[in-house]
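Per-chain residue numbering starts at 1, and chain names A, B, C and D are given in the order in which the chains are listed.
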Amino acid sequence: MAEPRIDVQVETPDAAPKDEKQHPNTCPACHSHYRNDELEAALWVCAQCGHHFPMRARSRIASLADDGSFAEEAAELRSDDPLDFFDLRPYGERLAEAEVNTGLGEAIVIGRAAVDGAPCELAVMDFAFMGGSMGSAVGEKFARACESAAEHGLPLISVSASGGARMQEGILALMQLPKTIVAVADLHDAGSPYVSVLAHPTTGGVLASFASLGDVLVAEPGALMSFAGPRVVQQTTREKLPDDFGRAEANLRFGHVDAIVPRPELKPYLARLLRLFANGK
Amino acid sequence: MASDAELRLRERLSKLKSINLLGGARLSGELERLQKQLDRITAEPTEDDIWRSVELARHQDRPYTLDYVERLFDDWVELHGDRGRGDDAAIISGLGRFQGRTVVVVGHQKGRDVKERAKRNFGMAYPEGYRKAMRVMKLADRFRFPLLTLVDTPGAYPGVAAEQHGQGGAIAASQATMLRLGIPIVSVVIGEGGSGGAIAIAVGDRVLMSENAIYSVISPEGCAAILWRDASEAKKAAAAFKPDAAHCLELGVIDGIVPEPPGGAHTDHDEAARLLGGAVQEALDELEALPVDELTRRRRARFRALGVFA
Amino acid sequence: MAEPRIDVQVETPDAAPKDEKQHPNTCPACHSHYRNDELEAALWVCAQCGHHFPMRARSRIASLADDGSFAEEAAELRSDDPLDFFDLRPYGERLAEAEVNTGLGEAIVIGRAAVDGAPCELAVMDFAFMGGSMGSAVGEKFARACESAAEHGLPLISVSASGGARMQEGILALMQLPKTIVAVADLHDAGSPYVSVLAHPTTGGVLASFASLGDVLVAEPGALMSFAGPRVVQQTTREKLPDDFGRAEANLRFGHVDAIVPRPELKPYLARLLRLFANGK
Amino acid sequence: MASDAELRLRERLSKLKSINLLGGARLSGELERLQKQLDRITAEPTEDDIWRSVELARHQDRPYTLDYVERLFDDWVELHGDRGRGDDAAIISGLGRFQGRTVVVVGHQKGRDVKERAKRNFGMAYPEGYRKAMRVMKLADRFRFPLLTLVDTPGAYPGVAAEQHGQGGAIAASQATMLRLGIPIVSVVIGEGGSGGAIAIAVGDRVLMSENAIYSVISPEGCAAILWRDASEAKKAAAAFKPDAAHCLELGVIDGIVPEPPGGAHTDHDEAARLLGGAVQEALDELEALPVDELTRRRRARFRALGVFA
């Protein structure tokens, strides 16, 4: 049988920022180049053309949470290696390297915060940590974010950026899909709203679980949000893909997201939603 | 020569003994089942054992969903369509009588010959398939019919139209739907339990696997292509991520293993169906004794607890 | 503004049996001709080619209900004329003529019956009565069928054949859509299943209300089931319509019905469903 | 010179007085509203009056859903997409703050210029539009936000794709969805209330009509084409099936008429919005006082009772 078998995209080149040879601070669209501090000040948006660079979790939190309001939760939580997984390198080594390179314990950061004065829970992914892939620890931290939100009667805002499930944890990675969905169900039963922001890229198991289950779904301009990555689709179907295959703009057109919100408008947009939801049950 | 698997299973057993579950009868049923599983495990599966599972799970003569349905159900009525866009033949759904009770079935369906394989898209569903599944699950819920899902897919179909129709959202919604059903759900991975396309219909109160089935986050070939940068290292990849039933049981991902006839389910469909029917019957008997609230509470707790972290 | 305004099809030629010049007992597909008694014995299915002729309500009931089991309800109910509607002829006159010609008080017949020994409620429409159009009386009788089913704890089987809402009752005809939908909701809350059989044609307001809300939807081969009729669609869009536009076969393909069941198999099929549903809550 | 309309309204009034509704306050509110409507009716509308409504209801400068939204709502957030197939611009949906409370809005949207008309398909929705509506209604239900629907469509779109996507089933499902919402629903026919496409989102606890709106089972032209075999007899057809607000009130199909500025709503959008806002506010105040069970019970009873037969 020759059919393709891949449907969760992890760490594939098309899920990563393209053209690795280019400096990460060079805009892939218009080739403008920026210093880190310039991009940080501009929310990692190209001043020339509006291209949205990948944004690290800490920068994202700083851009959304009111100054000093973020109180991190479950920061100590780390991945284990239940399968003693070893490919070309051991999983444990990859984890250690990711932690050193990113300064993060895992591919997601959670905690309570205030957005324009409105208290909420934040769950923010970081693509730089092993492609934002979701293993047991990421699933657990997302679930705890839901539980903290429910406990404190707060809305949840997540920002996803993920290549999908973390295959080094095998079937347990797949189980993070229903696990995070349980958490969203419990959150809803507690009466809390959930706004899911989809940043580039949100693919595979994260798109096929919590990221798609927000009461409101907001995508960033140009964000890839597809279940299967473009490369897999192309290899499988041998079709020429549409130019905007899987991009936020296509997803809006096909009815899968409520809005595309440029990064500079994201905080006021979320604040507006939080005000509106604060009037609910 | 106690294997890791055996040790972990023993650990789960001893934990279970100390948990105060709803009813003594239920508890002893659970223990008994685990004990039986334990008896089956004599040693850690080798790389060859695992690869044999991969091959048997994909065997072209392996019984598919409809092979089981025709052997286990009376008065079968297939239900078609997602009430919106299409009727995805990669997923079948319907209702029939199983051991005297009406049960709703949702299952992936592969094709046996070239023509049927094309029609069924090799068991790889579009979002339409998952939307049909959700619609029929809600029908089951409305009439309190238990739900049996049979999982057998290489994965959800990775195509342009599938993405445009919302593949990721449909898989998420299907799982969310299953979590809210007020009916007993038994899910059995009967062949390939491929990734998101599999879990979409596998959020059961009892999740079982056929002895030679596989259940995995990615195909061995896909994993090899990405991590080893060489798809032909599939056997090595499979040994590394351990998609076989014994490992899934050990990790607590499944609740039991359904035995197959010697040589594999493809050698004797009737006997394979008889064994599957027995396991489903046993699971349903246990689940039907639980109040609905307790059922859904346990279902959530079951999936909430999965994962190993530090 | 030049946009089209018709979306409920009533008494249009394409909703009626085609080619009025042909004798109604001549098969429009293969031109075989039959006597009434031959067709009645064959359930109004062409022995040569399988074409399904329109079936009158009494014949339909005889074909589904066990002998002597049908107990009609609300037989005395008649349409009123709340708008004193007068087009080329008064509505009252059209009603009287329809009653004389069909021997029916309205375009639907309801009552309790047994199908292969399984008790159920039947609601069967008759296209010969003003194109099976739904006015207040048809809506009321359908609602009473639901209520009788709920009261007796029985499943409901409806067989629809309708050009849509009856425009001679103006806005009240439109209100039969939510009215019949209320009845189905109450029926479901009472725990009764509802099987909707769609015969040729089921269009407009009947398709857009109860006929689409069965737990199981069964169409007869070749039955037209579209919200707008082919003529209106063609006039509006100026597109060439697909050959099977709106037909049962297209609806099965597009996911709108559970099955297409030829008339000779309909009774055993429904009996099987009734047995299965009898095991529910 | 008491007209039929007046007599029937008086009859409804006297019936209402004898019914034992939930609360005295609610009841007297209801009576008061009917009394006010009664005062507005002085005589049966003539054929010319009715045709004037048809023309005003379709007037190209008439305020559309978004014209009302921008005048009545703060913090408006539009929500897009049916989560399956597309985002139908003929129906808009979103949430905003109305008089201090968060309200969810679903409404048809026509376009004012040629380009927008094409984009909005003249306010004629595909099934995608109704599926978006249902999705957003369920969101409202989850958070107990009241729902306001604004009806303004010549009808659901009659096209090949619309049928293939399940137009009839979507319209039926939308009504069924509204019946199950545990929130107050106010529906206002602000322009054209065209047939199935209109009722799909008009199953409210209170159904109001703007003074010059029309609400009908078929367009005058369509009715004339079928019954008079001549579409130019539209004026005669309209007079026969009486789609104007006064007749709809008389028949019990709507609960009240929203006044428009002199000359029609198109002459003064601000004033039209003020008048609509007042009516919606009044209706919501009344409905929010009812327990959820009572609300949905009455909603069902309201629509179950519609129709005149012998």
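The criterion applied here is as follows: contacts are C-beta pairs under 8 Å (C-beta built on N, C-alpha and C of every residue); 3 or more make two chains touch, one makes a residue touch a chain.
Predicted model only: the values in this text are computed from it and were never measured.
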item	value
Most widely separated chain from subunit B, with each centre as the mean of CA atoms	D
Equivalent of C-D within the choices B-C, A-D or A-B, defined by over half of its residue contact pairs recurring	A-B
Gap in Å, rounded to a whole number, between the CA centres of subunit D and subunit A	41
Whole-Å gap separating subunit B and subunit D, where each centre is the average of the chain's CA atoms	48
Between subunit A and subunit B, centroid-to-centroid distance (C-alpha), Å	28
Contacts with 2+ other chains: residues of subunit B	83-85, 165-166, 169, 173
Residues of subunit A whose C-beta touches two or more other chains	254-256
Chain contact topology (line, ring, star, complete or other)	other
In contact (per the touch rule at the top): chain pairs	A-B, A-D, B-C, B-D, C-D
Subunit C-touching residues of subunit B, taken from the complex the two chains share	75, 77-87, 95-97, 100-102, 128, 132, 139, 142-145
Interfacial residue positions of subunit B with respect to subunit A in the complex	58, 60, 122, 124, 154-160, 162-169, 171-173, 175-176, 179-180, 194-200, 203, 215-223, 225-228, 237, 240-243, 247-248, 251, 253, 300, 303-310
Contact set on subunit C toward subunit D in their complex	1, 3-8, 10-12, 77-80, 82-83, 85-88, 135-137, 139-140, 143, 165, 167-179, 181-186, 203-205, 207-213, 225-228, 232-233, 236-237, 239, 241-242, 245-246, 250, 254-256
Complex interface listing, subunit B residues touching subunit D	83-85, 127, 131, 165-166, 169-170, 173
Touching residues (chain side subunit C, partner subunit B) in the complex	188, 191, 193, 215-216, 252-259, 269, 272-273, 275-277, 279-281
